[in-house]
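Here the chain labels run A, B, C and D in written order, and each chain numbers its own residues starting at 1.
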Amino acid sequence: MCYERTDMAIESAALFNKSKEEVSKINGVIVEEEIKNEIHISKVKITDQNGAEAVGKPVGEYITIDIDFFMDKGEKFRDDLMDVVSHELKKIINIEKKSTVFVIGLGNEKITPDALGPKVVDNLNITRHLFEEAPVYTDENTQSVCAISPGVLGITGIETVEVIKGISDRVKPGAVICIDALATRSIKRLSSSIQISDTGITPGAGVGNRRHTINYQTIGVPVIALGVPTVVDGATIANDSIRLLCDAVGNYSSQTTKGFIEKLNDEDRYSLVKEILRPYGSGLIVTPKDIDSLIEDMAIIIASSINRALGNE
Amino acid sequence: MCYERTDMAIESAALFNKSKEEVSKINGVIVEEEIKNEIHISKVKITDQNGAEAVGKPVGEYITIDIDFFMDKGEKFRDDLMDVVSHELKKIINIEKKSTVFVIGLGNEKITPDALGPKVVDNLNITRHLFEEAPVYTDENTQSVCAISPGVLGITGIETVEVIKGISDRVKPGAVICIDALATRSIKRLSSSIQISDTGITPGAGVGNRRHTINYQTIGVPVIALGVPTVVDGATIANDSIRLLCDAVGNYSSQTTKGFIEKLNDEDRYSLVKEILRPYGSGLIVTPKDIDSLIEDMAIIIASSINRALGNE
Amino acid sequence: MCYERTDMAIESAALFNKSKEEVSKINGVIVEEEIKNEIHISKVKITDQNGAEAVGKPVGEYITIDIDFFMDKGEKFRDDLMDVVSHELKKIINIEKKSTVFVIGLGNEKITPDALGPKVVDNLNITRHLFEEAPVYTDENTQSVCAISPGVLGITGIETVEVIKGISDRVKPGAVICIDALATRSIKRLSSSIQISDTGITPGAGVGNRRHTINYQTIGVPVIALGVPTVVDGATIANDSIRLLCDAVGNYSSQTTKGFIEKLNDEDRYSLVKEILRPYGSGLIVTPKDIDSLIEDMAIIIASSINRALGNE
Amino acid sequence: MCYERTDMAIESAALFNKSKEEVSKINGVIVEEEIKNEIHISKVKITDQNGAEAVGKPVGEYITIDIDFFMDKGEKFRDDLMDVVSHELKKIINIEKKSTVFVIGLGNEKITPDALGPKVVDNLNITRHLFEEAPVYTDENTQSVCAISPGVLGITGIETVEVIKGISDRVKPGAVICIDALATRSIKRLSSSIQISDTGITPGAGVGNRRHTINYQTIGVPVIALGVPTVVDGATIANDSIRLLCDAVGNYSSQTTKGFIEKLNDEDRYSLVKEILRPYGSGLIVTPKDIDSLIEDMAIIIASSINRALGNE
C-alpha cells in the first residue's frame, strides 16, 4: 500500500531511496545513472511484466533528468540542460525526417501548476503547415511539427485520448510527444526535474484522476511522454514528516515503542495523514511560491529542447 | 470588385445600404426585418445559386442581431438580448435532446480581438462527460455539450477543419456550433452585433486568410456559425472616408469633376487606399480602445445564450 | 517558541485550539463568538499590553469570519456573507460621509496566491475623481473612494509604507483599508476565512518578510486591515503531522517514550521540519489546486462588501 | 486647426512632412537628423516661447528614434537599437551615480495598447532596496533605481501627478523617467518609434484626456519622458485618406473644383471625419493586429535600454 502520489517511475515504492544492490535484485528492472555537466541522468528500464508489477509502471524506458535546485542557472547551464534533454529525446523518439511529430500540451492553461503543457506548445516551432503554405521557410532538414493543447475533460467534455486519436487519424504523425505537469513525492524535484518515457501517459494519473491512457495501443503511433514535476500532493509532505519522526523515535526508544511505531507505519499513519488533510480532500498541493515564473522558464527550456532534438532551431 | 473586407452577409456589396425595393429585385435573396425590445433582427435568406452569386455567400440563412452601441446595457437588456440570441439559435440548430452539440471556439486566445471563440468556450456549461462520470448532475432535460478551442493554423500547424473533423468522427455530435470573431465594414457593429448562420464558416475569410471551410460538406453534420464583429479592416475606414468625400464633391461640382470622381471610384480609389495602408500590409485593424472588456462581456452573453438555447442553464 | 507562521490573531499560540476558560485566564484578551446564517464570527479584543504580549499582536480588535469550505456557495449565501463582512467593516471603519477612503491592494498581482489585494482593487467602485470630473454620477450618499496597488518591495524598490504615506499626505483620506493575502496555520481556512482588524498590517509578516508596519503611527490616519488566508506555510503541515503523531504515540506508550516525545516537541521537531523542507527554504507553500479561481471569487466578494459598507453599491 | 491627434513633436503641424528649409524659417526651433546602423534619429530642439507656440509643445528637446518596420529584427539589430536608446537616454538624464532614478510605468496594464509602461517596469532591474537589504548585490557602479505603475485615474481615483509627487517627496529621486504608450499620426511609426524628451508628459494628452502634467514644475525633479506609439487615432486615418484624395483631385481638375477642395480642407473635411467616426466618439483606434506581442517585445527593449543607460545591466 502506497500513500505517496507520484508520476515518476524513479520514485515508485520499489525504487525510491533504494541502493543499487536492492534494485538489482528486482527481476525485470535495470537502473543506470550518469552525470553530465552537473546534470544527473537516471534511466529505469522495465524489461518484463515482473518488473512492471514491481514498479507499478508499464514496460518501457523512463529517463529522469535532475538538476540541482540551488545551482546557478546561467545561460551556459541552460544550454547544457537543453543539450541533455534534446539528446535523450532524439534517441528515444528516433523518427525519420519525413515524418510528422505531433506534440500535445496536456493540462489546464488556466491553473498555474497545470499549465506547463500548453505553455510548451506556445513556444514550439510549428512547421507542418509551412511545407504547403510557405515552402521557402522549409528545407530538407526541417522536421514537420504540429501541436495542440486539447484542454482537460472538465472543460471540454471530451476524453483527451479521443481528441488526440481523432486528430492523429487525420494528421498521421510518425510519433506523438505528450507534455504534462507531474506530481512528485520529492520536494526538491519541483520544477527541477524532467522525466522522459516511451510508454505514453495517463493524464492526471499522479493526482488521482485516472483518464484513459495515451499510448501506442490507443493512438496507433509511438507516444513519448515528457513531464516536469510541479506539485507535491499534500499527503506526501505529511507522510514524509511522519516517516522521519518514526525513524527518529525508533532510534531512541524501547522495543515496546518500536513495535508501536512499526504497527503505526501500516495503519495509523494512513489515518493520521487522512485526518490532517481531511478538510481539503485530494485538492491540496504543495508548490513553490514562485511557481508562475518557474513554469514560464521550464516551458521555454523544454520547447527549445524539442526544437533542437528535431533539428528545427 | 470590392475592397471592403467583411464576414457579414448583410454587408455584402449587393445588400449594404440598399433599400427593400432594390434588394427585392435580386432573385434568390429574401430579406426580413424585425425589432424586439430595441434589438434589431435582420434575416437574409439566400435560396438559390443566383442569390448566392449576388451576395457572395453560400445558400442558407444569415441572421444579424444588432444592438445600439449607445444603449444602456443594464441587466434587463442583457437578458432580453440573451432571449433573442437563444431563440434564434434554438430555431436554427433544431437538435434532438439525445444528441451531442459540439462547440468550437475559433481564433487565437492570445490576440485580443481574435479571442472571442475561446472565451465563449471558457464560459459554456460542458455536460457531455457528466452523463458517464457524474450522472447525478444530469437529467432528461440536459443536452450533451462538449467544446474545444483548436487554436489557429499558424500556432498548431493543422487546418482547423482537420481538427474538427477528426474529433467529430469520434464524438459523433448532432450539430457543430462554431464561434468566431468577425470583420465588419460598419464601425458601429463593433462588439454590437451577432451573426448566426446555418452555412458554416471559413476561418479568417473576412480578413484575407482563406482556410478550408467548416460546413456540412466537410464535417458531415450541420454546422451553425455564430460570430461577433470585433475588427474593421484598416482599408475600410480609408475607403469609407473617400466614398463620403466623393459624394460631397460630386454634389457640388461640375460635370468634368464628376467624371473624374466616377473614374476615381473604380481605379484611383483602390490605389489611394493601398498607398495609405502600404506600411502595414493587411495587418492593420480598427478596434475600440476598450476591446479587452467588450470581448469579455460579449463572450459571457453568447455562452449564456447557448446554455439557454440548449436548456443547460 | 512557535514554528507555525500565521497572520491570524485567532491562530496565535495563546488562542489556537484553546477553550473559553483557558483564554479567559489571559489578562487583556477578550474573545467573543457569534454565528449568523451559518457564518462563524470570532472577535478577539486585545485591551492592554499584557494581552498584546500574550497573543503576539498589537492592542486592538481582530474579527475572524469563517465559512465552511464544504458549504454550498449559492447566491443567497454569498449575499449573506457580504452582509456580514460589510456590517463588521462599517462598524470598525466608522467614517464620515464627507471623508475619503483610501484602499490599498497589497501583494504581487503576478503571483497567484499573493494577488488578492490587487484583484480587490480592480473590482472596487472608485469615486473620488467623479466629484470633480463627473459630479452627475455622485450624490450626497456617495463616499469618496480611491485605491492603488503599490506592488511589492522586490518589484518597486520602495517600502510599501513609503508609497502609502506619500500618497496619503496628498490625498488626505479619513481612513485607509489595506487588503492582503494572509498565511494561516489551518488548512481549512484557505480561501474560507476573512480577518478584519483596526491595527494595521505588516506586509509579508506571516511568511517571514518583515516590512515596515502600515498603521496609524506610520500613516497618520486609522488603518483597517482586511485579509484572506491563501497559503499555509510548508512548515505548518509538516509540524501538524508531527504533532498529531506525537499525540497518538503519547497516548499509547510508556513513560520513557513520553519523555522522549516531550523533549522532541521542543528541539527535534524543529530540526525535523527544517530537514523536510530544507530544499526549498521558506519558499514552499501549501495551497488548493484551484487557487486561481478561488481568489477571483473571493476578490469579488470582498470588493462588493467594501462597496456595500461604504454605500457605493 | 489640427484634427490629427499625436503625442510626437516631430508630427506637429509645423514640422510634419516639412523640408529642412521650411522648418529653418521657424524661430526657436532647431531640427537635426542622424542615421546610425539604419536607425533614424531626429532631434527637435525648441529653444524659446516662439518655437513652443509654433510646435505646440513646451520648450525642451524631443528625440525621435525611428526603425524601419520591415527591417529584419535580429539580435544584432536589437542590440544596436538598445545602444542608441541608452546612449540618448544617458545624455538627456545626465544623473550622478549616487542619485536614485524613479521610473513610472504610465497607462493601464489591462488594455493592451496602453500597457507599455507597466510592462517596462516589470522588466526593469530594481536596485534601490538592495543597498540596505542585500548590499552584496550592489557595488559602486550600481545606480539606485525604483519604479511604480500607478494605474490610471479611472481605476485609482487619484491624479497620476499626485501619486508621483507624493512618492517622490519620500524617495527624493534625482530624476524621474515616465514611460507611456503614445498616439501617432503615422501608421508606420506604430511600435516602430521611440520618443525621448526632457519636458515631462501629460498622460493621455495625445488621445484627448488632459491630465495634470508631470514635469519639473509639478514634481520638483527633472522628468524625462520616454514613449512608444501604439495607436493611431481613428480620425487620423480618415483624415489621411481625404488629404490624399484632395491632392489627387486637385492635380487633375479645374480651377472651380480646386476652389471647392481648398474650401473643403478647412470646413467640410472636419465634418466628414466627424461623420465617419461618429458612432464611436473618440474611442476608436487603429492598431496592428499583433499589438499584444509587439508591445511585449518593445517593453523588453526599452527596459534593457534603461538598465544599460544606468549601468545596471
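In this section, a residue touches a chain if its C-beta (ideal position, glycine included) is under 8 Å from a C-beta of that chain, and two chains touch if they have at least 3 such contacts.
All of these numbers come straight from a predicted model, not from anything done at the bench.
At the interface between chain A and chain B, two copies of one sequence, more than half of the residue numbers in use are shared by both copies. Farthest from chain D in terms of Cα centroid separation is A. Between the interfaces C-D and A-C, more contacting C-beta pairs are found at A-C.
Each chain gets one centre point, the mean of its Cα atoms, and the points for chain B and chain C are 47 Å apart.
Annotation: 42 Å between the Cα-based centres of chain C and chain D. Centre-to-centre separation between chain A and chain C, using Cα means, comes to 36 Å. Multi-chain contact residues, meaning those touching two or more other chains, occur in chain C at positions 110.
Taken pairwise by the contact criterion, the protein chains form one closed cycle in which every chain touches exactly two others.
Interface note: chains touch in the pairs A-B, A-C, B-D, C-D. Residues 110, 121-122, 126-130, 144-151, 153-159, 162-163, 165-171 of chain B are the ones touching chain A in the complex.
Chain A contributes residues 69, 110-114, 187-188, 190, 207, 231, 234, 237-242, 244-246, 248-249, 252-254, 256-257, 260-261, 264, 268, 272-273, 275-277, 279-280, 283-293 to its touches with chain C in the complex.
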